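Structures incoming, each one as structure tokens.
First chain A sits with chain B, and in the next complex the same chain sits with chain C.
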Partner chain A sequence: MAAATQAAQGSSGARHSLGRYGWPIGYVVVILFLFFLYFSILPALVKPVQAPVLAWLPVATINECLMWAIMALGLNVVVGYAGLLDLGYVAFWALGGYTAGWLMAFPFNWEWDFHLLSPVKSTLPGTHINFWLVAIVAGVLCAILGLIIGAPTLRLRGDYLALVTLGFGEVITQFFRNSNDIGDANLANGDQGISPIDPIGTGPLGAAGIAPPLLTNSAAGNVWKILVLGLLVGICIFVSLRIREGRLGRAWLALREDELAASMMGVPLVRVKLLAYAVGAFFGGIGGVANASAITTAVSPSGFDFGKSVLVLLMVVLGGMGNVWGVTIGAFLLSWLNSNGLKQIGVQIDALAGTNLEATLPRYNYVILGLLLVLMMLFRREGLLPESRTRALMKMPSRTEAESLGADSLEAEAESEAVEHADAQGDARIAASAAAMAGSAPAAGPSSTARREDES
Partner chain B sequence: MATASLVVGGTQRKARVRLGPLVERVLGYAVLALVLVWLVANVVADPDRFLGSLLVGLQNGLLYALVALGYTMVYGIVELINFAHGDLFMLTTIIAAGLMVGLLGVGQLSALTILPLLLALVVCMASGAFINMAAERLAYRKLRSAPKLAPLMTAVGLSFIFRGIAQQEYVNGSAQKNWPIVWGGPQVEGVFVYKLVMVLAVTLPLLLLMTWIVSRTKMGKAMRAVAQDQDGARLMGVNVNGTIAFVFGLGGALAGAAGVLYFLCQTQTYYDTGTQLGLIAFTSAVLGGIGNLSGAVIGGLSIGIVQAINEGGAYGLGSNWSQSVVFAILIILMVFKPEGIFGRPTTEKV
Partner chain C sequence: MSESSRGRAEKTARETLADVTQLGGTPNSPDDPSGAAGYGRPDSAQSGIDGTLQRPEGTAAGAPGVDPVEANVLYADRITIRFGGLTAVDNVSFAIPPKSVVSLIGPNGAGKTTFFNVLTGLYEATEGAVYLEGRDITAVKPHKRAAMGLARTFQNIRLFGLMTAEENVMVAMHSHLRAGVMSTIIRTPGQRREEREARETARELLDYVGIGKTVGELARNLSYGDQRRLEIARAMALKPKVLLLDEPTAGMNPQESANFNDFVYRVRDEKGISVLLIEHDMSVIMKISERITVLDRGAMIAEGTPDDIRNNQQVIEAYLGKTGTREGRRLPAPGAAALGTENGTTTTTDGEQA
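Right after this comes the complex of A and B.
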């Protein structure tokens, strides 16, 4: 068993050293390909080629997929690496979004104007700060929130942890829903939310006239967003991969496999768990800012429901917990299905069978996602692209269960067979020695018999 | 110990990451004292409103208790938080609404409504039990030997499916649906007396029945045995699969009964009811010590009352914050007394 694990680690280690140089190149190629596909290749192509690509994979959907990939990579740190089930991940998404709402939007009740490296016109009222700065601020705020959520849940495990994190998620949403009247102050405009939120600026590229100066939800803006969001996802993948190799990442994996054993080996549980929450929350905050600024351009509490937490979790589980590439693919697949895929599948079936699924299929997205989760758990628990460790762990039934299922009865059978076999041999030996000793003195009995047995 | 005989299972793990025990105890008592001070302040400031809230709390608390029993029994026997339980409850509220208002045309409530009520109780309890047992048979049973995350995720998936079904236009739609049920009769501080009477008249016999089943019948004995040690129970000739299915059925039936009562009290159905009420009910189960049946009832009542006073009392935060208040209770509980009021702390074996 140990040897097998070592071998698996060795081979994955070899792959990693190759991948260390390979994946960034591959990733950049993929993102650049997507960018140029929509920027220059597709508009040049004829309609019959262009139309289906745009129908199945619109630019806006690609951007959504990239944004969800940030979220899924963040949750992967908490659930996949550290094994802490978090059902309230939407809290970080919400706080990230609202940070964007506070720092890069028109005012709802503020009276000051503040501009910092913002691409929007300096005459606009309200606070307007550069997207990248806001992303960092939101990440830090969310990391602090992660520490706050993490602290009371340190003692809990498994199901209890899931429930308390779920509770935190609901509390945060309720906070934003009631935020127009907290101690007579309007903190975040309550149910109405904050809109519009500043788009991402392109800085020198925009000034040079290569890219639009503001990445709004226009066709040109959406194409350039692929590069910005792709860069963010790339950073998240890089951080995820590198942090996993390091001391902290290995501590997380140890924690996930066996908390007790990890603490006995000197892993500082408190610090490691809190860091898992903080790092995961940091990603979540960046995802929230990206969503608010580039996808929805508005935040309101109704968008941050429990369903979103489960959607992100489903991305992680579907892709394969702990495996960065699996999680990224899971995020792409599910967010595509959720935003555009179901509708397109409906359209295709309609064209073939003359039904009216285009409108109905997307309405069943909760049912389909739930069914997918249940089926995944029943038939492919380890995900589409599992981590080698997870695969072994998920396939292995616990010991008592194996016993009760009769796995040990086979063992016991073999044992009893061996005993019987041994007995038969022993009987033969005893008979032989008895025959040999037939003439000798009975006083020499036991010890000499034993010696003779050993010799034979 | 009267409560001890009702314990089905209950394996709240004791934590290893702790503050100093003394600090913890002092803080715990301080929190408790604060809650008491808050209650007394509410009584002093406005006794009438306090009484009204208390009655509302009693009424809601009994419903929470019914749902909490489903959580606590299933947890006690297979150590699974059945996330889908709240949504199962939500489905039964919709079944009850369709049956009573849609089919039987109940509107203005009167003494004659007892017959449709009984019919709805039977149908909803049966369908709740059926759905829960089907979920156990199709999904959870296959995952019993799997790592703990798998059944939990399955429950989340099932909860999604239930919510998705309820959201369809032909079921309930994604908006709140109000039903033309009109309550009459005397009121005490704005609380319909008959409402409270109905809840008590349905809940108390069910709770007594539950107590009898768990503590006196052979099935109850089997339940306790399976909760303690599945392999051991199997060796003793207990039908483990049958017992677990029975527990799921019992939980589902109680959720069904709660669904009928909830629908009649609130006169509305909403696909998200399950998540909200389910979480409250789970908090109740944890408050009483998960796996402990009488603990779940007491937990449900206390949460119901605290919530009602928060909403209707003199010094409450209002209904906008009730979810947050319940979760604050849950989190404080998790920090100071994770084994609940009646639970016994158990250490994890290596």
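Right after this comes the complex of A and C.
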């Protein structure tokens, strides 16, 4: 066991130094590699090499994966760090998306035109604000919504908390569904949603002719989106890691471990829980804007169903709750399977077996993902890449647990034996009283029980 | 259950308590060296435990002349707690003088833990008030009380098992640290300094309780004794005025519990922290406390020095039950007791209320 502990320490130490210098470099390298792969390497290659790569991992799928990673990282703060189960995370996604709909789209009900650092033509009607500004606004709005959702759930734990958050998620969706007629006002265009939403602009890069000025769903636009979304994911990872190491992160972990003990150690539960919701929601808001602007270019209530909340949660659980890298990998894997992977697997099976799974397999995505979750829970409960501490929990019983089973009590025995030998008289006394107790045990047993009942 | 079996059971229990009081030594009696010798308190002369007991005025509720609220670090004024029709604690006043070691004892179900939870703010008292350093904290939330200097440990250890020993201690510094979300993300020089200092303090505290080697170990992997120590280190990170220890020696072997007594005096004398112990085990309490309050069925039945308590008829009855026919046998006088052994101590009652 000592060796195992040491190994865990060693790996955490390595992770520490990696976290300090290694990961930002590694992450930038990966994102840049993806970018250049699709920007310059693949187009230069011959078709037989190029085609399978594009089929298995199209650019659009990478962008989708990155967007999901933002969501998963946000939920990881709430679920993984603070241990508050949230089944309504899609609410923040929706609000983020609709913030984009309100601030960077064509008008659906209002007349004024407002442009602020927007890449689109200044003659376009409607409100058009720069993507980055909208992302911040959406983050703040969602953080406020997070506080509103968080406040009434503060006293709840476990199942009850999950149910209330589930309810909130549905309420938000229903709100947007009926938003075309709330007090005679059209707030968000109801079922139709808002469309189209402005694409991300590239500013000076676009002006210089290096990148397309607008990152639309064209081939060139998609390639550049890798960088933008990659940057957002990078920021989320950075913020997650930093907060995790500080005062607030420790308080979250303590909260996850033992709420009562944490409050008794001076951790203000209300504040710390609300901050978890707020930070998680902030990420969710940014993800919502990114999704609306870069992936779907439209928002409508049907895009924010309960299934999305579950899928994000699945990414967190499958990747490894609490571990930023695990969650990122979980998000990539699941969103890839969901958007393109299953289809490609179907295509491959079709080619081999002559079946027709290409269309069917993606339709059964939730069945397959559910099955995956069941398998994970059976064989790797801690997730693909778990936090080192969680791994410890899953892999071995705690020392006190082991001691209570008698596995490690030998040294304790030796200690007490040394004390006992100091006085043989004491030994004799113990033996005598033990004998006396044993003699009266059958009679003493029930009577002492009765006495205890008396007292309580 | 037959009458005779009950008598036998009581006899056994009585003997056990007699053992306890004998074996417990009489550290407060100047002519009995066994207590001090057995537990080796180098500072006993200065601390005034032996013989010259400092008895702060106003310790007992309602002592004349001195305002107990001002004179004590912690003062609970006429606390009553009712759960529906059940009165768990009935009109109990309790004082913790500065730099003292006091205890709250009572048989299982006496309301000790309930009372304790009122002090820490977990329960709201139905009647009465709690004062910390003269301030009324009756309405103050538990985490604020902790930040104000009311630290506790738990009867059944409640560490953050998946956090390292160091992190456990640092969690308790939460209320003393200032860094906000933004400064943590940016990692400002102030935040970095604060973290570094917190880490150093945590290590010092771990060293202080004697588990400095375990800094990076997950709390759940520590031995039972070390976990108890870690809990105390964590509580001390709150920079408490009062340290409330809920059955701290439960599950300790005699050697460990002897060391523990030394440790409690060190905490009091070196850090100037008052210590309140809750125990149902008489032997521990008798050796360590300056003053003892005894609860039984929610009511305070005695308050005084260990000697007072040892000879208090009501206390004996509370622990042994009242005999219908015979007069309750007095426990042997402390001096007359045969020189006992410490390792023979057994708890007077087994098990513990949840």
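The definition used in the following text is that the second predicted complex is superposed on the first by the 379 of 456 C-alpha atoms of A that agree within 3 Å, B and C clash if a C-alpha of one lies under 4 Å from a C-alpha of the other, contacts with A are read in each partner's own complex, and residues count from 1 in each chain.
Assume a residue touches a chain if its C-beta (ideal position, glycine included) is under 8 Å from a C-beta of that chain, and two chains touch if they have at least 3 such contacts.
Keep in mind that what you see is a predicted model, and the values were worked out from it rather than measured.
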Message: Output check: A:L269 vs chain B and chain C. Expected answer is one of first, second, both, neither. What do you get?
response: both
Task: For A:L260, decide between first (touching chain B), second (touching chain C), both and neither.
output: both
- request: Look at A:G22 in the shared chain and tell me whether it touches chain B only, chain C only, both, or neither; answer first, second, both or neither.
  value: neither
Message: By the touch definition at the top of the document, which applies to A:Q174: first (chain B), second (chain C), both, or neither?
response: first
Query: For A:P152, is the partner it touches chain B (first), chain C (second), both, or none of the two (neither)?
result: first
- prompt: With the two structures laid over each other on chain A, which partner does A:R250 touch: chain B (first), chain C (second), both, or neither?
  reply: second
- request: Using the touch definition from the top, say if A:R242 reaches chain B (first), chain C (second), both or neither.
  value: second
- prompt: Where on chain A do chain B and chain C both make contact?
  reply: 260, 263, 269, 393, 398, 400, 403
Query: Can you list the residues on chain A that touch chain C in the complex?
result: 1, 5, 8-9, 12, 238-239, 242-243, 245-251, 253-254, 257-258, 260-269, 275, 279, 389-390, 392-393, 398-400, 403, 408, 412, 415-416, 418-420, 422-423, 425-426, 429-430, 433, 436-437, 440, 443-444, 446-448, 450-452, 455-456
Task: Could you pull out which chain A residues touch chain B in their complex?
output: 85, 87, 152-160, 162-164, 166-168, 170-171, 174-175, 177-178, 260, 263, 269-270, 306-307, 310, 313, 317, 363-374, 376-378, 381, 393-394, 397-398, 400-405
Message: Per the contact definition, I'd like the list of chain C residues that touch chain A in the complex.
response: 1-2, 5-6, 8-9, 12-13, 15-16, 19, 107-110, 120, 122, 141-144, 146-147, 151-152, 154, 157-163, 167, 170-172, 174-175, 177, 179, 181, 184-185, 187, 191, 195, 216-218, 220-224, 227, 234-235, 237-238, 253-256, 297, 321, 340-344, 346, 349-351, 353
Footprint of chain A on chain B - complex, ascending: 13, 15-18, 75, 79-81, 139, 142-154, 156-165, 167-168, 230-231, 234, 275, 279, 282-283, 286, 320-321, 323-324, 327-328, 330-331, 334-335, 338, 348, 350
